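Both complexes shown next keep subunit A, but they swap its partner, so subunit B is in the first and subunit C is in the second.
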Partner chain A sequence: MVRFWRSLRDGSSFDAVLVWLALGYLIVFSAFPLIYNIVISLQTVDLFSIASLNRPFVGLQNYREVLSQPIAGLVFWNTLQFVVLSIVFQLCIGFGLALFFQQDFPGASYLRGLFLAGWIMPALVIGAVWSWILAGDFGVLNYWLRSLGLIDQNIFWLSDPSVSLYSVIIANIWLGVPFNMILLSVGLAAIPHDVYEAAELDGATAWQRFRTITLPLMRAPLGAVISLGVIFTLQQFDLFAALTQGGPSNASNVAQYWSWQLSFQTYQISYGSVVSVLMIVFVIGVAAIYTRSTRHEQAA
Partner chain B sequence: MRLTIALTAVGLLATTVIASAQEVELDLWTIDDPGEYHYVLAEEFMKEHPNIKINVRTVQFRDMVNDLARAVATGSGPDITYIDNPEVALFASRGLLLDLKPHIEKSEIVKEEDIYPGPLASVTWEGGIYGLPRGANTIALYYNADKFREAGLDPDNPPGTWDQLYEAAKALTKPDQNVYGLAFSAVASEEGTFQFLPWLQMTGGNYDNVATEGGAKALNFWKRLIDERLASPDTLIRSQWDSTGTFNTGSAAMAISGPWELPRMSQEAKFEYRAALLPVPEEGAERASALGEGDNVILANTDNPDEAFQFVEFLYAQMPRVWNEFGYLPASQVEVKDPKNPEIYAVFEESMKYARNRGPHPEWPRISKAIQQAIQSTLTGQAEAGAALEAAQQQIDQVLGK
Partner chain C sequence: MKKYILLALAILFVAVYLFPLYWMYVTALKPSSEIFQFPPTFWPQDPQFDVADVWTRLQMDRFLTNSLIIAVGTSAIIVAVGTGCAYALARVRSVWMDIALFAILMMQVLPSSLMITPIFVAFSQVGLLEYPRLAVILAQAAKSLPLYIVLCRTAFMQVPRELEEAALVDGNSRIGAFFGVAIPLARNGILVTSVLIFLHAFGEYVYSRSLIGERALQPATVGLQSFMGPNTSDWSGVMTYSAIYVTPILIIFVLLQRRIVSGLTAGALK
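Showing the complex of A and B:
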């Protein structure tokens, strides 16, 4: 017993306890819901059978039915556009700002801090603000564009099916830029200065320094930011709820919002689970690519 | 034997003693906030019945069905709750609600034949009556009398047919002043279905018969209003509340909405507003209007069905007060003394006669979604009205098991 306590206090048992705590947490709060979600997606579940165990098992039937719905293709295409466009722009703008604030100029760190204002605001507030900006009849954006003479007819950012998805993407890019910038700033700060100095002495241009030093050394942070970005954009729900509700006519509907609509608007909970399982598969794919691409670096 | 009798007697005595000392507690869920209908009336009821205590709890409107389903499943549901009228069939069909019919037959206050047909249909499921309406609402055409005069229209003679509505909207639309002729809601939610159904019904269709010529005509009429910018394209994503907001600020000259807007309208609208019945397809056509508001229902597993009914009956008895105090229309034939906004009240009271229920069907949300999709794909020009309604009909038939 004494030996046990001693080993718990300063030996391997303590480590084991910590590991098991973490593992237990993961099993209860991550693995269980995940598996339960998969189980539901294979059964017929509605609002009233969700708490009972007597639910008919239908196998892949639900998957067939969800994928054969007329809007399925549109929703997945929208989701792909939403994720790819959001991440590309968030990353480019975020990286650009990170590089900009990496330059030494007075007030750089304060200005960088200001950018975080958007990140700490609740997404629903951001949704409300953007819905004023993007409103068709009395929106701020249309007012500016008209005053600048760029348009002479209001653009219906949220109710025109050809632009509504991009309006949500614009709001989401704005929302994600500060996060990208901060993570990439940390990465940039970790690159030792003397490498750049040496390269400069050798006559490397700014572009060459960026391409041969910054980019390769930023590989791991960029990978992390991209994979987190995929997860965050797939999670983005509030902006859709606040701006377009997936409309008009599903023009801005994406998988995460559709899953919610199926589960909690038409109470087809198994269908909602099917969509979320497909999303999880996608995220696991992205995570796998990320771990594979960074494994070499850790080994090196 | 004697011992048993004695024990029973003691037991009976004990229970009566306890019963008189201990009050009956009823849990009530509502979407109201303190100070509104359920809170106010529960307070009044408890004053009259000191032995019954009512615990009122607010649940968000959009969460009500989910919360209730979960609570029922785990056995922690309330005794009495408020649910939106298309949802009654959903719960009744699963045997979760108490059939009030036997109670109503004995009641001196509630008379089945007094309740308007629409609200009564909303609580009826397979011969049983599963709730009592707390009130009702419906939609009508609000219009800005000042703008009518400016545009040379007669405010005493509001549009009565679709053609007249179109002409009026055209005359009232002022693009240079950012004024649309008409505001309504075609949003992809229950509200869109709520606003569209009367148009469909006026042409002879209904929720189970949407792929009709009249349905296509109605949708094409809506599309024309938006395409010609007589209504804002944002109609597609605006709720009724937001749409009527544009009417209140003068950015729309007419609006289709319900009596729940009146308290806000009386504060925001700085012009003379009036109301008229929803225009019909042509002179003499069948009238229809939407039916809104919800019902007070008792859950089947309540421990105190009699006291619960007593309370629901008490709520029902307040029907003559609802217009003036809570902003709903009465759901039964009662006299409203000194109604606020008497002319508008008269319009809505008349409109109530044509108000038709959505469903009832336990899978209503799926039917509603199919209708919403037809509306939205037509208005965005992605599908032709007839084809969109045909697609909706297929989905609805599937739900109805046809």
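Showing the complex of A and C:
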């Protein structure tokens, strides 16, 4: 006992205790639910059997039933669109802004930092603000589109099934641009200046410099931003709750919202956990690729 | 000259980007008749400060108190268990530490909306749902702890090792060196990261919505959502509510902006 205390004070146990404190917490409240999720997805769990530990195992039957539901295809297609469109636009706008703010002018870094004001807001509040901007009758976005002559009739962004998914995507792009921009700025700042100067002396145009220097050297940061983007868009829930709630008739529903609806609105808890298992496996896959690739960078 | 054109463009970009926040404040100041005017007015003609009215009518004191309780509880747990872990991960290099760091990075990516189903079932079985705010605090702490560890780790890595070794030579114990040297020197990084975690928990939604059934215990996000049905007409109220809710967050952000940006970029790099 005395030896343990001494090693805790002065030796290696000190570090081990510190790490296990946090790791233990994460194992109880993160890793255990993660595994428990798989167990639930193989059982029949509803509001009546939730409290009992003795629940019948049904194997993969829940998976078959969830995947054969007619809306499953729609939801996964929506999720794909949500992720791909969000990332493409966040990346392009974020990259453009990062390049712009890389130039030398007074207040550049301060103004760039202001973009993070959007990132730090509660996403639910951002959703509320956007649902007012996107409102069909009195929304300011429709007013602008009409005064620019782009549309003749108001678009009912949130209640028209053909656009409701895109209205959530618009809000999500807004939310994600600052993070993309800041991360890409870090990458741009790391490119040595004299490479550009040498290229300029050789008579390379701005576009040529971008294509032959910036893009290749930004491969790693771009890869990181894209994988983080996939992870973050799959975490987005609050905007759906504030804007469309997956509706109208699931036109804007995505997997992470559907999983919650199954568990907490229709109380088909095993179905909700099936969707959640499938998506978490996907997220962890993306994350593993990302962390592995960043380790390679460091080693190289 | 070119510099000023760039500056003007930059201000334009910021203005376009931050328009939604501006629009929230403008709408909050408009009386309800002006809100539904077409074309919309971009500056309130007859500004009304109905903060007090919205505050009492929408029972914001109760909601904000709950948000505050959740945010304080979450941050307390995270700082208590996360700081030492970040320190150890920054100081010790071994295979085991690499594995621990990898595991922590993996747990950072789990989406709350997908973790809530097993958490709900597990918490209901051990009876934690009897204390719904505590349940949210525990779940949210697990959600944000990995990010805190990763960002704090970079703060500790910037503290020179030699200073601690000197303290050990002077007869300090490891614990003494940790509290007396490492923490004070990494203070700024720890503080900014804690603020980020705090703000994050202050705007938490999924867990609160799912774990807290009783209205009196719900935080401000869930309260706001419940006022925004599909047929909302009280947009002035909703926007005033939002403005009251986010103004403190914006103030903290403006005060800490420089540190938040550098903390984030350092964390992303290493």
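The rule we apply is simple: the second predicted complex is superposed on the first by the 248 of 300 C-alpha atoms of A that agree within 3 Å, B and C clash if a C-alpha of one lies under 4 Å from a C-alpha of the other, contacts with A are read in each partner's own complex, and residues count from 1 in each chain.
Assume contacts are C-beta pairs under 8 Å (C-beta built on N, C-alpha and C of every residue); 3 or more make two chains touch, one makes a residue touch a chain.
Note that the structure is a prediction, hence the values are computed from the model and not measured.
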Quiz item: So, A:161: does it touch subunit B (first), subunit C (second), both, or neither?
Solution: first
Applying the document's definition of touch, where does A:47 land relative to subunit B and subunit C: first, second, both, or neither? first
>> For A:267 in the superposed arrangement: first (subunit B), second (subunit C), both or neither?
In response: first
Practice problem: Could you look at A:246 and tell me whether it touches subunit B, subunit C, both or neither (first, second, both, neither)? | Solution: first
| said: Quick one: is A:36 in contact with subunit B, with subunit C, with both, or with neither? Answer first, second, both or neither. | reply: second
(message) With both complexes overlaid on chain A, does A:136 touch subunit B (first), subunit C (second), both or neither?
(response) first
Larger residue footprint on subunit A, choosing between subunit B and subunit C, goes to C
(request) Based on the superposed arrangement, let me know which partner A:197 touches: subunit B (first), subunit C (second), both, or neither? (result) neither
Footprint intersection on subunit A (subunit B / subunit C) at 50-51, 135, 137-138, 159, 264
The residues of subunit A that touch subunit C in their complex are 8-11, 14-19, 21-23, 25-26, 28-34, 36-37, 40, 45, 50-51, 53, 97, 100-101, 103-118, 120-126, 128-133, 135, 137-138, 140, 143, 147, 159, 174, 177, 182-183, 185-186, 224, 231, 234-235, 237-238, 241-242, 256-257, 259-260, 263-264, 269, 272-273, 275-276, 279-280, 283-284, 286-288, 291
In their shared complex, subunit B is touched by residues of subunit A numbered 47-48, 50-52, 70-71, 135-138, 156, 158-161, 244-251, 261, 264-268
The answer for subunit C against subunit A in the complex is residues 2-4, 6-7, 9-11, 13-14, 17-18, 20-21, 23-24, 27, 35-36, 38-40, 77, 81-82, 84-85, 87-89, 91-92, 97, 100, 102-122, 124-125, 138-139, 141-143, 145-146, 149, 173-175, 178, 196, 199, 202-206, 209-210, 221, 224-225, 228, 230, 235, 238-239, 242, 245-246, 249-250, 253-254, 257-258, 260-261, 264-265, 268-269
Seen from subunit B, its contact residues with subunit A in the complex are 65-66, 69-70, 72-74, 94, 96, 178, 180, 187-189, 232-237, 246, 251, 365-366, 369, 373, 376-377, 379-380, 382, 391
